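What follows is a structure written as structure tokens; I'll ask about it next.
Just so it is clear, A, B, C and D label the chains in written order, and each chain counts residues from 1 on its own.
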Amino acid sequence: MSEKEIKNLEQIFEARIERDEKIEPKDWMPEKYRQTHIRQISQHAHSEIVGMLPEGNWITRAPSLRRKAALLAKVQDEAGHGLYLYSACETLGVSREELYEQLHSGKAKYSSIFNYPTITWADIGAIGWLVDGAAIINQVPLCNTSFGPYARAMVRVCKEESFHQRQGFEIMLTLCRGTEEQKAMAQDALNRWWWPSLMMLGPTDAASVHTEQSLKWKLKRKTNDELRQQFIDQTVPQADILGITVPDPDLKWNEETGHYDFGEIDWDEFWQVVKGHGPCNKERMKARVDAWENGAWVRDAAMAYAEKQQSKKVAKAS
Amino acid sequence: MSEKEIKNLEQIFEARIERDEKIEPKDWMPEKYRQTHIRQISQHAHSEIVGMLPEGNWITRAPSLRRKAALLAKVQDEAGHGLYLYSACETLGVSREELYEQLHSGKAKYSSIFNYPTITWADIGAIGWLVDGAAIINQVPLCNTSFGPYARAMVRVCKEESFHQRQGFEIMLTLCRGTEEQKAMAQDALNRWWWPSLMMLGPTDAASVHTEQSLKWKLKRKTNDELRQQFIDQTVPQADILGITVPDPDLKWNEETGHYDFGEIDWDEFWQVVKGHGPCNKERMKARVDAWENGAWVRDAAMAYAEKQQSKKVAKAS
Amino acid sequence: MEKTTLYNYILGIADNNLILGQRLGELCGHGPNLETDIALTNIALDLFGQTRSYYQYAAKLSAIYKTEDDVAYLRKEREYKNVLLVEQPNTHFGFVIARQYLFDVFNYLFVEKLQHSKDETLSAIAKKAIKEVSYHKRFSGDWVKRLGVGTEESNQKMQEAIDGLWQYTNELFEMTEVDDLSVRGGIGVNLSELKETYFKEVAEVLKEATLTIPENPYFQKGGKQGIHTEHMGYILADLQYIQRTYPNMTW
Amino acid sequence: MEKTTLYNYILGIADNNLILGQRLGELCGHGPNLETDIALTNIALDLFGQTRSYYQYAAKLSAIYKTEDDVAYLRKEREYKNVLLVEQPNTHFGFVIARQYLFDVFNYLFVEKLQHSKDETLSAIAKKAIKEVSYHKRFSGDWVKRLGVGTEESNQKMQEAIDGLWQYTNELFEMTEVDDLSVRGGIGVNLSELKETYFKEVAEVLKEATLTIPENPYFQKGGKQGIHTEHMGYILADLQYIQRTYPNMTW
């Protein structure tokens, strides 16, 4: 194709996005669009499956059968999200094996929040409440993103996540209405998960490299800082309902702006974790790589079996 | 050597044993004597190190620091016993590797009692009380056995085992003087360990293949049935002190014989376990083989290091 | 039939589901791929769902335990009545599948009969469970074939698992005193009657999977009397951790 | 100095011994040969012995816990103050040795100073412990060299362990508020003063062992504030199992 032809296609492409039309896998798309989407969707998929680990840590120890079943179902939903996000990504011409390879080699990222340990049962509540809460704020706008398969996946993901978020809040509420010890456990979880949750909304706009292009492609509809503010404004009143305190001495309602002012985020910690040096980065990656490597013979067997069945059919037919 | 010469040596040898002289590794000995001792001493050594496993199972869960330390020390003593018994065995011209190989391949046996699971804390008490109790009865006569290294090892082993036996009894006593629940736990342990302990003294004399020859070589000084009777006579009054009941409806004091009469032993169970089909045979063997295989690189490294250090010394000296 | 007998009969059923579900729960997030991870979690969820129905019923009959969670979390090891099979560890995926399949075939036959129990609650639970259990058996049976036939390595691993777990199959059909009483009362299932069908069906599937039935004539038992393998204590230490550490609270 | 400060200071020392002893206890019977099995059990025994002395003292200071076992068994995870290093798993023997060595060098320097504490009990415990700890350091240091120099495989495995555990070294020297107060009271050890010697000594041994110090400038912490790794919950579930399941009994 000539440069002019490409330019032309690009203009048509951008106009379609402008008109809120969905881009589908078979449509022509700029290479950068494809690459950006592979990066973002796979990162999102990786976050789902790495995200299974900190919560999975409490399945065997959940304090009641009802909570155990709900937690299992939640972690299973995350596997499901992973599954449709990988599928959406595969429509862009990349295989799941390649994507896993990128995750395991450290080339692809996943949400840093999952590099923190879950050390008490209240952490399961806090993750649902805060982490899923922040995820929803990040993801709801993506239900209208330009790439069709991603947008459709997000509709389903968001629906389930808001269920998870209510479930997490309910765990916190039960703790906060429980004994002193339980309430302290809830407070402790909020203390530990608050700041990492704020970091989940991404670096400040000044430090964010992908924002402008992403806005154009509707991969982003608000900046990180806007999303963060929205999260805080929504979450602080919920903490009030719970009767526990957000661990930020600078947090206070600003009548003028109609928003909460808040203290400074420890961006050094953020970058340390992103760069692979968080509390659990090694464990998480080891768990994923082990599962994948230990499962190789199983996947091989399934494939060999399918081939054998196929040849049997062919033999019968002929 | 001519047959006559051998006959002559054998007579001198048997006479020495008769006179209670010790046979030492460098002394001439009949091949059968050597083989029998390798078999018995290694079986004994294997029993020590396999015996570490059921008790080791409770180290992390011992109910007090004092009990934890005592249990650790006890299991360590068993490792120590294994060590000197293997060393005694090695003086007969067999390597530890060969002995392990025999254990791991199932060619060599170990005491069947260790194929039962330890499922409550009381089992640790019961093992000390009953299993070490039966072991001592088996082993005390061996302090005077004809093969010097074995006899000397047994002196030390017996001393430590009688300490373990008292410790086990004391665990039982503490439980029996504790809550109802603790006493029930002790009773339950006695119920499960009683019959296997009786089996520890070996098959009935009628079914025992090694007895006669072993008596001559002082590898045995009493028959299995005599030892079993001794164990029962000694243990039943101890159960009375504890206030728990030996699980044998036929057990009763016989004024005439001056011994306890007792019920029939389930020899089918005995042979099932001996043949490798007890509750934990597979687990025990797997644990030993895993430890050995996972430790190969460590042992290799230690040897390579020693060689390197040696060559350094040689290089320096020259 | 006496309340205690019925109570114990229910535990004899439900403890299998609880402990097997617990073992599957350990795996969640660590499966060989997302699809099997999701499917095994589904099975775990079914098992826990059934467990809850059974324990809710048991709690109504118990003088000591008031809720399903009391029944699930507050007993001592010797009071759990599950068979030894379900507590065996997730050594590798072959063991997971073999354990599941060897249980599922039994469970299907069992639940099928339990539908006809005179006890309406048990019958209702069974009627709800039968579809789930039928799916479990299909899933695990398919995987037995896949791994048995798949590659040389998978065949070996699957055979290793069958060899390791076979000794626990017979216990599934052991009739306890409680079973006898329940059968006589028209409430329980006669396990001995399921045995032949079970071993026939398993033999056929193993044959199709090019796997061999171990010749070992010896079987393990004890679970139904609460005499478990050494794995059980560790399962319970985790299961009960929070309830034991923070007693008498609502979660 | 306040009672609570001293109490907390003691826990900050003794919890390391307890948890490391617990990890070594898991290994007992599973070592690469009898000799190392016996030696590591010896170390565990020393650690538990020290733990008991510390906790007996702590129990005297505590308003809540009456005995050494109460202190050892009845706290919640967030109340254990051990460093993250000692709770790391026995991944393979290289990890066992690396964890031990990285702790022993610190522990030796620490106990050496603690001998001069104004607190007579602590000083006495330290004086008794110093010989033991000196032996631990020699044992683990020798093995670091053996594995580092031994074979290519052992070198790789040892390096893997050092790489994995290095991130936990710095926390050993983190001064908590309790440490500060204790130092000011003439009772505690100033950890910052040990740091240089520690890293110098470790660097020399690693060099001799042909191992490389990871360049990662990032370190983990949290243990001293009771924020542990995910391993800790499982350690405690086993440790506390009996005490939690059968409360208020004598064993």
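Just so we're on the same page, a contact is a pair of C-beta atoms (placed from the backbone, for glycine too) under 8 Å apart; a residue touches a chain by one contact, two chains touch by 3 or more.
Keep in mind it's a predicted model, so treat the numbers as computed, not measured.
Between chain B and chain C, the least number of touch steps comes to 1.
Between the CA-based centres of chain A and chain B the separation comes to 58 Å, rounded to the whole angstrom. Centre to centre, using the average C-alpha position, chain B and chain D are separated by 35 Å. One inter-chain figure worth recording: chain C and chain D are separated by 41 Å, centre to centre, where each centre is the mean of the chain's CA atoms.
Residue positions 233, 237-238, 241 of chain C each touch two or more of the other chains. Residue positions of chain B touching 2 or more other chains, listed in rising order: 61. Shown here, the protein chains touch in an arrangement that is not a line, ring, star or fully connected set. In summary, the structure contains touching chain pairs A-C, A-D, B-C, B-D, C-D. Within the complex formed with chain C, the residues of chain D that make contact are 76, 233-234, 236-238, 240-241, 244-245. Considering their complex, residues 54, 57, 61, 117-120, 188, 192, 272, 275, 277, 279-280, 282-283 of chain B touch chain C. Residues 22, 25-26, 28-38, 41-42, 44-45, 48-49, 51-52, 55, 68-69, 72-73, 92-93, 145-147, 149-151, 153-154, 157, 235, 238-239, 241-243, 246, 249-251 of chain C are the ones touching chain A in the complex. Interface residues of chain C facing chain B in the complex, by the touch rule stated above, are 77-78, 164, 167, 216, 218, 220, 222, 227-230, 232-233, 237. Residues 49, 52-53, 56, 59-69, 72-73, 75-76, 79-80, 82-83, 86, 121, 171, 174-175, 178-179, 181-182, 287, 290-292, 294-305, 308 of chain B are the ones that touch chain D when the two sit in their complex.
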